[in-house]
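I have a structure here, written as structure tokens, and I will follow up with some questions on it.
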Amino acid sequence: MDKLNARRRNLTPYILISPFFILFCVFGIYPISYSIITSFFNWPLLGNAAPKFIGFDNYANVLTRDPYFFKALYNTVILLVFGSLMQHVVAVPLAILINSKIIRSKEFFKTTFFLPYITSTVSVVIIFGLLFDTNYGLVNWVISFFSEQQKIRWMFEPWGIQAVLAFILNWKFIGWNMVIYLAGLQSIPSELYEAAEIDGASTLRKHLSVTLPQLYPIMFLAIALSIIGGMQIFEEPFILTGGYDNLGGAQNAGLTSAYYLMFTAFKAYRLGKGSAIAWLLFLVILLLNGINRLAIKRLQR
Amino acid sequence: MAIKIKPQKVLSYLFLGLMAFIFAYPFYNVFVLATWPSSQVLSFPPRFFFGAGLMENWQQLFARIPIGKNFYNSLGIALLSTGSVLFFCTMAGYAFAKFEFRFKAQLYAFVIATMAIPGFLNIIPFYKMMVAFKWVNTWLPLIVPGMAGAFGIFLMTQFLENSIPAELLDAARIDGLGEFGILIRIVFPLSKPGLAVLGIVTFVGSWNNFTGPLILLPRIDSTTLPVALSVLNSRVDNNLGALMLGNALTLLPLMLIFLFFSKQIISGLTAGAVKG
Amino acid sequence: MKRNALSFLLVLVLVMALVAPVFATGSKEASAAAAFDPNAKYEVTIGAYGDLEKAYKAVFASADFKAKYPNIKVTFQTSDFGGHHNRLTTVLAAKEQSNDIEALEVGFIAQFVEAGGLMDLNAAPFNGGAISKNIVKFAMANATTAKGNLVAMPVDIAPAVLFYRADLAAKAGVNLDNLKDWDEYIAVMKKLADPAKGIYAIEHPAAVQAIPLNGGKGGWIVNGKPLEPKAKFVSALELVRKVKAANVDGDLGAWSGPWSQAYIDGKVATIVNGAWFGGTLRTWLSPEPGKWRVAYLPGKMMASLGGTYLSIPETVPAARQAAAWEVIKYLTTNPSAQLITFKEIDAFPALTSVYKDPVMDEPVAFYGGQKVRKIFADVALNIPENKVSEYDNVMLAIWNGAVTDVVNGVATPEAAYKTALDKIKATIF
């Protein structure tokens, strides 16, 4: 009887996690295999021509000849740094400030900062497209009080496009990260601060030597999520810079890796090459997460 | 001492106030623009206050799309997928957080790694499957495949690891509660904050999904709000006012839900839903 | 993490090997369409974008259609422009059944012309060639493959003209009706523009670039060489540079909110566009009649800017094709259908026989009584034929990058041309 119970209990976790694996087998394997296999073919998206097996040619083409792949990867990394990783630079101090004793109405601030998370990309692009408009935009209107210079062409200059994209990402996700860091802050034992206070450390010193190291584990997770999301960013630049007709606006400033892979598959109709870019992107994401892990480990030591 | 603190406090509030303004203004802007007639939406200096075109925009919006039905579809799909995600992800998260079993680390790593696969090109084979299943023009493809998503499992695993003491589970077992009894009677009630977070993430994702319903719910009265609203964006009779109102109307339900649950959601996140 | 990732990849490869057999290409029934039976009941679905549904609904509500096809019921699936083509691309890429009739914008037709996927409307039982003698030549050529297959029927076309504001032209004392060449156009624009009052002569310098290239619809590859002849393409970029240098543009991205607002506020004096743009002006941007006029493009250049085609995808079951073809035939070759479409949404008829209809000679109140339709028809008949290719989309996107570089002043026309050519070669060839 006891044995049976134990066996049953041994099976329990597998039963509990089985939905994921069943769903993965039914809905995941076929699409994933499809994109792996197509990446080794010259596979036209449309039409009746038979796909031709070409081995690693798609990968070789992307890595050696393609004029946009590395440009797109570069843009994506820039956006990752200024759009996604920057969030953490703002979110940590913000969380510390909100968590501090001097601030009241914490709920109000938390709610306000978190609110952008619920917006859809389409709404966000419509809203910010207007706020950053050259002639009618609020941003240029505000700037006009401080500067007599010509209005900034946010949507037409390469750096402007990237700045707006980075701003949108920060706006949308800082609150999310801030709330995550608040969780980390609240789990730091107060004895650590008391010890630092006895040593006569300044507030800044205290946060650098106590708060930050305590936040490293949570930082690793939050940054890992940012990397996974940030490297796959597609809709924001796609809608903001005019979709498939433009390859990311002025000097391809808004062309991200995912944007380019969608263009390759759905506008250049080269499904095979698009799949190859997708898998290269997957490897880059794994690599970056490895670096993230190493960096945090280094810091923790 | 008290005097010393003041400037610091003032500065802090100023900074937070400015940030809050930057974060909140775009929302206010959406609602302001929704009340101006199409020909007056844009102006310089920009619109700061409400206009008189709300009724006009409202009528045009309702004349163009069956917005009531679209709203019903959006809500139904979002609620059903949120409910099922909460259920299945908590199950899996409970297993990963509170059980020891063979290949646990590998299986968990596999779940996490699926998050990094760029799924953009899956739409073609996925659509083929949905046709084979005869699921096109039903809610199922937008609910079933994501019912036990990797992100939800990750979130619930992290949350349950920290929030449910092992002793409590052991005590329940001694009392003769079966594993599924524990799941229903103890794990779910204790994971409310975690569920609130996963709930809003899933609900938002489902509500804002565009490509899925565009391709899988092809008819205007069976599709969701964002897809139906995109019809207003047609070039030849572009109606900025109705578009802005539509935009506001897609945002509003989410805002209300969020403001209503914000305490749970935020306390859920801060209670360690995503803790290291 | 690293080891886990590796084992993950291993599992994937295994799985891949297991699933590979699934990829046997699906069977395709190539059975011929049954003949249309006037007494049987049919339901035809049309996948459309923008306001096509509005126009075609009016056609199907007409007494003539109801008398001819009392047993055909038509339903629509309408999305916005991008959404429609995205959905269609996905469905056809999956080789699954689409709507019986799918509308395609001219920019999307090229891929299907050589690659296949749409029914050959020249073959039996359709025999589209026999009934399309009166359809404008260049549009037929765009939809015809090297082997002579007709993949779609043109339903409307977009002869490009110059729209201008009569009041602003009169105020500036200029005449835009018979511009000799682009230089004269630029000289006139300098008089029209009044930056101090926020009056611009043109929306954006890039707005003119496609005209020397026949609207960018085809002609990207000549005899297997991209962007040839070079002089033609460089001159298009040079034109952009000159317009930019004249400093008369509003720097407005087409179809953005501020762009439409500028037309609503009457701040832009001219726009180069297809005839259908009149519908946009009339219904939405500038409804007040009498303000706008239409002129030939500078140097009487003939170009096409848009156009809609109707197709029957190969995935449509044979039994449904006959009725679909009857509907296409009616929409594309019936004069009354073509005129209703024109009246509803200003989509210019592809059927040349209706150009002789008295309605084409009528003065149009919206254009201050000008007989604009004669100009549209004249341009339509003289648009040059250009070969489309499956690479047009890619080349257009890369080309747009070159145009932006010239507008932003980061490259000379010559340099931008060379960069674009190199990128095209590296991407495609």
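Labels A, B and C are assigned to the chains in the order they are written; within every chain, residues are numbered from 1.
One rule holds in what follows: contacts are C-beta pairs under 8 Å (C-beta built on N, C-alpha and C of every residue); 3 or more make two chains touch, one makes a residue touch a chain.
Small disclaimer: the values here were computed from a predicted structure and weren't measured.
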Compute the centre of every chain as the mean of its C-alpha atoms, then state which one is farthest from the centre of subunit A.
C
Check A-C against A-B and say which one is joined by more contacting C-beta pairs.
A-B
Go ahead and note the Å separation of the Cα centroids belonging to subunit A and subunit C.
36
Roughly how many whole angstrom separate the Cα centroids of subunit A and subunit B?
17
Listing for subunit B: what residues touch at least two other chains?
42-43, 113, 124-125, 230
Touching at least two other chains at once: which residues of subunit C meet that condition?
1, 5, 86, 93, 257-258, 261
By the touch definition above, subunit A meets two or more other chains at residues 30, 32, 34, 45, 126, 130, 133, 135-136, 271, 286, 289
Which stretch or stretches of subunit C touch subunit A in the complex?
1-2, 5, 12-13, 15-16, 19-20, 22-23, 25, 82, 86, 89, 92-93, 111-112, 114-117, 250-253, 256-258, 261-262, 314, 390-391, 393-394, 396-398, 400-401, 404-405, 407-408, 410, 422-423, 426-427
Residue set of subunit B touching subunit C in the complex reads 38-39, 41-43, 105-106, 109-110, 113, 123-125, 127-128, 131, 211, 214-215, 218-220, 227, 230-240
Which residues of subunit A touch subunit C in their complex?
29-30, 32-34, 36-37, 44-50, 65-68, 126, 129-130, 133-136, 153, 155-157, 242-247, 249-252, 263, 266-269, 271, 286, 289-290, 293
Considering the complex alone, what residue numbers of subunit B touch subunit A?
5, 8-9, 12-13, 15-16, 19-20, 22-27, 29-30, 33, 42-46, 88, 91-92, 94-96, 99, 101, 104, 107, 111, 113-122, 124-126, 129, 144-145, 147-148, 150, 153, 158, 179, 183, 200, 204, 207-208, 210, 226, 230, 243-244, 247, 250-251, 254-255, 258-259, 262-263, 265-266, 269-276
In the complex, go through subunit A and note every residue touching subunit B.
8-10, 12-14, 16-17, 19-21, 23-24, 26-28, 30-32, 34-35, 38, 45, 94, 97-98, 100, 102-103, 107-123, 126-128, 130-131, 133, 135-138, 141, 171, 174-175, 179-180, 182-184, 186-187, 216-222, 225, 228, 232, 234, 258, 261-262, 265, 271, 274-275, 278, 281-282, 285-286, 289
